[in-house]
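Two complexes are shown next, each including chain A; its partner changes from chain B in the first to chain C in the second.
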Partner chain A sequence: MKHRTFFWFFLPTGLAMLLFIAAPIVSVVLQSVHTPHEAVLIEVENCGPFGCTTETIIDQEATAEIRAERPLGRFVGWDIYLDRGHLAVAEVGALWSETDSISAFVSGLGNLPFYRAMAFTLTYTFACTPLLIALGLVIALAVNALNRRLKGLVIFFSLLPMIVTPLVGSLILFWMVDSRGIIGNFLQWLANDPDLSLKASTPLTWVMLIVYGVWHSAPFAFVVFYAGLQTLPKDQIEAAQIDGASRWDQVRFVVIPHLMPLVTFVALIQLMDNFRMFEPIVGFNAAAHATSLSWIIFNDLGGETRQLSAAAATSVITIVGVAILLSPVLVRTWRDFRSKT
Partner chain B sequence: MASKAQTPPLALRAATYGFVAVWLTLAAFPFLWTLWGSFKVELDFFSITNWTDALTGPRTQETHGSAFTGAGYEGAWVQEEFWRAAINTFIVCFFVVCTSLTIGTLGGYALSRSGFRYTFWLLITALIFRAMPPITLVAGYMLPFFEWNVWGILPTTIIVLVAINQPFTLWMLHSFFQNIPKELDESAKVDGCTQFQAFRHVIVPVMWPGVITTGLFSFLLAYNDFAVTSMLLSESNRTMVPEIAAFLGTTYTEGNVMFAVAAVVSATAPLFVLVMVFQRQIVSGLTAGAVKG
Partner chain C sequence: MKLGPILLAAGFAATAQGAAACEITARVSIIGNEFPAIQTVGAGAQACTGAEVRTNLTADHQQINLPGMQGNPAEYTSAVIANSSIVALMNADVIRPLDDLVEKHGAGLLRNQLITIDGQVMAVAFMANAQHLVYRADVLEHVGLEPPSSYEEMLEAAEAIRSAGIMDHPIGGAYAAGWNLAQEFVNMHLGFGGQFFVPGSAEPSVNSEAGVNALEMMKALSEYMNPDFLTHDSNATNAEFRAGNVALMNMWGSRAATLPTAEGVPPEVAAGFAIGGPLTVGGGDIPASTLWWDGWTVAKNIPDAEAESTFIALMHGIRPEILDDQEVATQAVWLIEGYEPTPAAEGVFDAAQAGTAPYPMLPYMGLMHTALGAELDDFMQGRESAEQALADVEAAYRAAAREAGYLQ
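Right after this comes the complex of A and B.
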């Protein structure tokens, strides 16, 4: 295909991505180093019958003018990244010199919004991903052993938790684990504690969110592994059987190595997806106990005061995090490409 | 086909069936339970005294004279005007799917037919864009959209969702077009067609299976999106998902949780049908990336 033809074919989609993905990234980076203009203050002297007083008032005209002139605001460099809502360098430094034990330092960090969100995001990401891979693998092995009629039905129901909107899925579970809902009731009976409420305790909220994450994403792992099982070489299984391998040995030494590339694929995709979770926090109304970086952005952008600069700085930090998680994928794609050409 | 040596022992078979039954319950029960409960009154669905109330619905019977009531649905669809959100969702999904398939097909086709090195870099860029969480981009949209006065309306959201959709669409269609033999359009070009004519008359008639699969995922992205729609749409233009989120704020205080339950069931129903009809395409789409990569 000629360059010119390629250009015209690719133009619409390229333009869409350039304008609405590349440009916003630039815009986010720019916004994160600017902050809204402060109001222009002027001093006016009011002279009345009882003498003169000076007052400081906001010069509305000049403020509007400067805001219209430079809508981005004034340049503040790294200030927003370092403030209390983000990396909180000063607070962390103070905390480090004040506290005498590591545990006190860590619990102090928990009061800073950014580190609180990071703690949950990382726990969630690294707890969910292995669990859902394991669950997905077991489901795939079990379903593969079923007869053909049942398979379709099981796959249909298995797809549901993944297909439904995360917000809707988390709401459905949230209503069930409510202390008046069926699972909540069951847990109260199990723990023999009529006042047990998952919503009220931080560790239980975390567990609840992680269980939701596994429930939501295990079907994806299942479907991918199930497809992988269909290409399992029969002769290798037979050879293993002749060599006297037990069922477990066959799974461990033939099936799992065969699925290993798919496990890496699912792990990489899920690490990135779990890192950016925030809908379940909204759905489970769990912001008091668990926040994530994406939730902070969502929270800053919504509401009456749209804190664009704060949200932009968190966005840039999130993008950096995603980039770190993405780098192995990129290296792998690059290697594939090199080996092909 | 299966030899005697491969037939699992009875205990293992029982364990397998048991496990699948447990997983099926985990996957399907929440939906069935919520569907059943959405026809009850709040005091039954969230029963303090006895959990079986949600099954039998004694208080629903007391208030409405039967064990099932459509009060939640009436409240959500009529009183809270959920139908507006449903129409908005339909408009957004329709235009997102059409636009992103049109421009994605052209782009994906070009990427699969051009052998130059820059196609690799374009695909890599698309992969990076694909990994960007949409919520991080939203902060970048706000300021310009306010400045240009296009915030809050449906067309803006549609264009944004189309763009966010493009990287994935390109990857799917690129790998799909690579499986269509190059000789097809080459021979058309030898017969005197331009590249576009070759695409129009030779490729378009055979591309529908791949396009339908990709379209399904575009639809799901537009339908399920919460980050972009909740931030970029004004109150009157909201689609279903942000509308449900808004319900939580207003209805919890009014004690009308059942409105939200009914809305959630209403928003899930189309997805049920979708999975039922297109199960095969969804599975093949999910595995396409994995088995190749």
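Right after this comes the complex of A and C.
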């Protein structure tokens, strides 16, 4: 394609990307290095049904004046990134000099919101992604081997977990694993422990979230691999069969290499998605046991506090995290591309 | 055949109500919590004619009321709030003083309904609320105990119920990690005589003897709760009570009246249901609870016509005649003129009489509440000491308060 043609062809997409992707990122970065102005507090008389008291409130007029002067707020540089809610540099440094063993240091880290969220997010991402790829592949192979008439129906049912909205899916499961729910009760009976509760134990909550994550995303991998299987060259399979390859050998030496680019694609998308995991934590009410960066952003934005700068800083960290996570795959794709041209 | 006259009467009543009149000229849009009394007020406002009245009553109201009022014009012309959540709206300066509207349309409002801050009316309160004991009289009778008046007695009663083999987890509590857990700590901390801040400053002071005692008591109570307690909010706790799994709990007055009336509540639960006062703890004088009012505000960033219509519609929502309906009268402790306390209101009245402290209305209390909600679950799960959890709370609060500009 000529550069000129490419330019005009790409222009609308480029503009949309600038407007809807680049501009918000710039705004988030800008927000993350500014904080609200120092509050001007005054004491006033405050009366209501329970009598009058002296309370502190914000002096709106004085605050509005300061705000009008510098509407962006106070410039604080990297302060927010380094504070306890984020990278917690000072706390980690203190912890390092105070603790004398690695395990004490690690458990101390678990007390800081950012590192706690990262511990779960990374565990979740690296447990879910390979499992769902494997499961998706198994389903795709199984469905592909089915009788033509059954296929449509089975494909529809295999896609259901992905069709169900994550929040709804996790809520349904949430009630089933409740200690009075059907799965929770069954597990209690199985373990012969009436106090067993999936929701009260951190490791079990993590397992539950990972199982849910695999259940929810496996259909995506399945659809992609199933489409890939339709392009499988028949002659290669036949050649392998003539050479006496077993079914497992055929899968291992013919099918999987053929699907490898798709595996990379699914891994890429799912690493990104799982790193940003959020809805299941809300749906499972699991914040006491597992948090993620997205959940921290949600928590900062919600409620009565609305810490926009803290949420912005966490958002930027999330973007950086996704970039780091994807870098090996991106580098590999780039190398493949270079070697072909 | 008997339906005829009833329908006719209903028709007359409807016309009569229409004649009682609420005419508005501009858009009204209300955001608020979803408990029964607020539903009543919302429905009352919607009875107005002349312009559209929309309500969005949801448990997530605190997440959306502020963003929905910051625009100009604001999406919501009114937010139904409580003494805790009005602070966030005051901090962001999104609600308007109501003095002019009170003068023009506020006839019939009682003096103590007006929430006056620095001499200006900022909200109109319509009900009072507090958490207090709700229990099963039949179960306590079975183990031969009086209803508890302190948390220590609650623990004794729970042990008696458990060892009698009646219930495994006799105590209920809205201990869901986050807002609810923090609220229970706020109650308990005040009950032990604790202070949240160094007086006159935004410096936190929860890492104190009172704070440790409060946490130890919460931990002791949780031993008698359903093991899933960190996921139970008020709704889930009520469901446990209704199902007959719980005999003792600290519950909101605004939710207590409807506890035994829901569909499917077993007869023994409905019959044994009883309301007590708020509980004290550690021999303290004031109850381990907080007093609340619920009221409505009017947005600042809207045209005057909408503000006036909003005021008129909400005044219609809290007109004294709504109390003629016995069901509405039991929904809350109304602050409306002509309200006669019903038996369901006993708990909240006891709370007010026992000198319960109002929930603190400080600009930085929301940050403290959030920090408590995020950091206390480690202790409740036995992963760290009370002192460590409270030190974490203070550190998390400091980071947030520094960002918000309350601390240097």
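Here is the rule we go by: the second predicted complex is superposed on the first by the 280 of 341 C-alpha atoms of A that agree within 3 Å, B and C clash if a C-alpha of one lies under 4 Å from a C-alpha of the other, contacts with A are read in each partner's own complex, and residues count from 1 in each chain.
As a working rule, a residue touches a chain if its C-beta (ideal position, glycine included) is under 8 Å from a C-beta of that chain, and two chains touch if they have at least 3 such contacts.
A quick note: this is a predicted structure, and the numbers were derived from the prediction, not measured.
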{"item": "Contacts of A:302 with chain B and chain C, given as first, second, both or neither", "value": "both"}
{"item": "Touched partner set for A:58, first chain B, second chain C, both or neither", "value": "second"}
{"item": "Which superposed partner A:279 touches (first chain B, second chain C, both, neither)", "value": "first"}
{"item": "Which of chain B and chain C A:202 touches, first, second, both or neither", "value": "second"}
{"item": "Touching partner for A:13 - first (chain B), second (chain C), both, neither", "value": "first"}
{"item": "Chain B versus chain C as contact partner of A:138, first or second or both or neither", "value": "first"}
{"item": "Most chain A residues touched (candidates chain B, chain C)", "value": "B"}
{"item": "Partner chain in contact with A:178 - chain B first, chain C second, else both or neither", "value": "both"}
{"item": "Partner chain in contact with A:100 - chain B first, chain C second, else both or neither", "value": "neither"}
{"item": "Partner chain(s) touched by A:44 [first = chain B, second = chain C, both, neither]", "value": "second"}
{"item": "Chain A positions touched by chain B in one structure and by chain C in the second", "value": "178, 285, 301-302, 306"}
{"item": "Touching residues on chain A, where the partner in the complex is chain C", "value": "35-39, 41-42, 44-50, 53, 55-58, 60, 63-64, 74, 80, 83-85, 91, 111, 113, 178-179, 194-195, 197, 199-200, 202, 284-289, 299, 301-307, 309-310"}
{"item": "Touching residues on chain C, where the partner in the complex is chain A", "value": "62-63, 66, 83-85, 87-88, 90-93, 112-119, 125, 128, 168, 176-179, 202, 226-231, 291, 293, 335, 352, 358, 361-363, 366-367, 369-370, 374, 377-378, 380-381, 384, 388, 392, 395-396, 398-400, 402-406, 408"}
{"item": "List of chain A residues in touch with chain B within their complex", "value": "1-3, 5-6, 9-10, 12-14, 16-17, 19-28, 31, 71-72, 138-139, 142-143, 145-146, 150, 152, 154-161, 163-168, 171-173, 175-176, 178, 180-182, 185-186, 215, 219-220, 223-224, 227-228, 231, 241, 247, 261-262, 265-266, 272, 276, 278-279, 282, 285, 294, 297-298, 300-302, 306, 308, 311-312, 315-316, 318-319, 322-323, 325-326, 329-330, 332-334, 336-337"}
{"item": "Partner chain A, residues of chain B touching it in the complex", "value": "5-6, 8, 12-13, 16-17, 19-20, 23-24, 26-28, 30-31, 33-34, 37, 45-48, 51, 54, 102-104, 106-107, 109-111, 113-116, 120, 122, 124-129, 131-133, 135-144, 147, 159-160, 162-164, 166-167, 169-170, 195-196, 220, 223-224, 226-227, 230-231, 241, 244-245, 248, 257, 260-261, 264, 267-268, 271-272, 274-276, 279, 282-283, 286-287, 289-291, 293"}
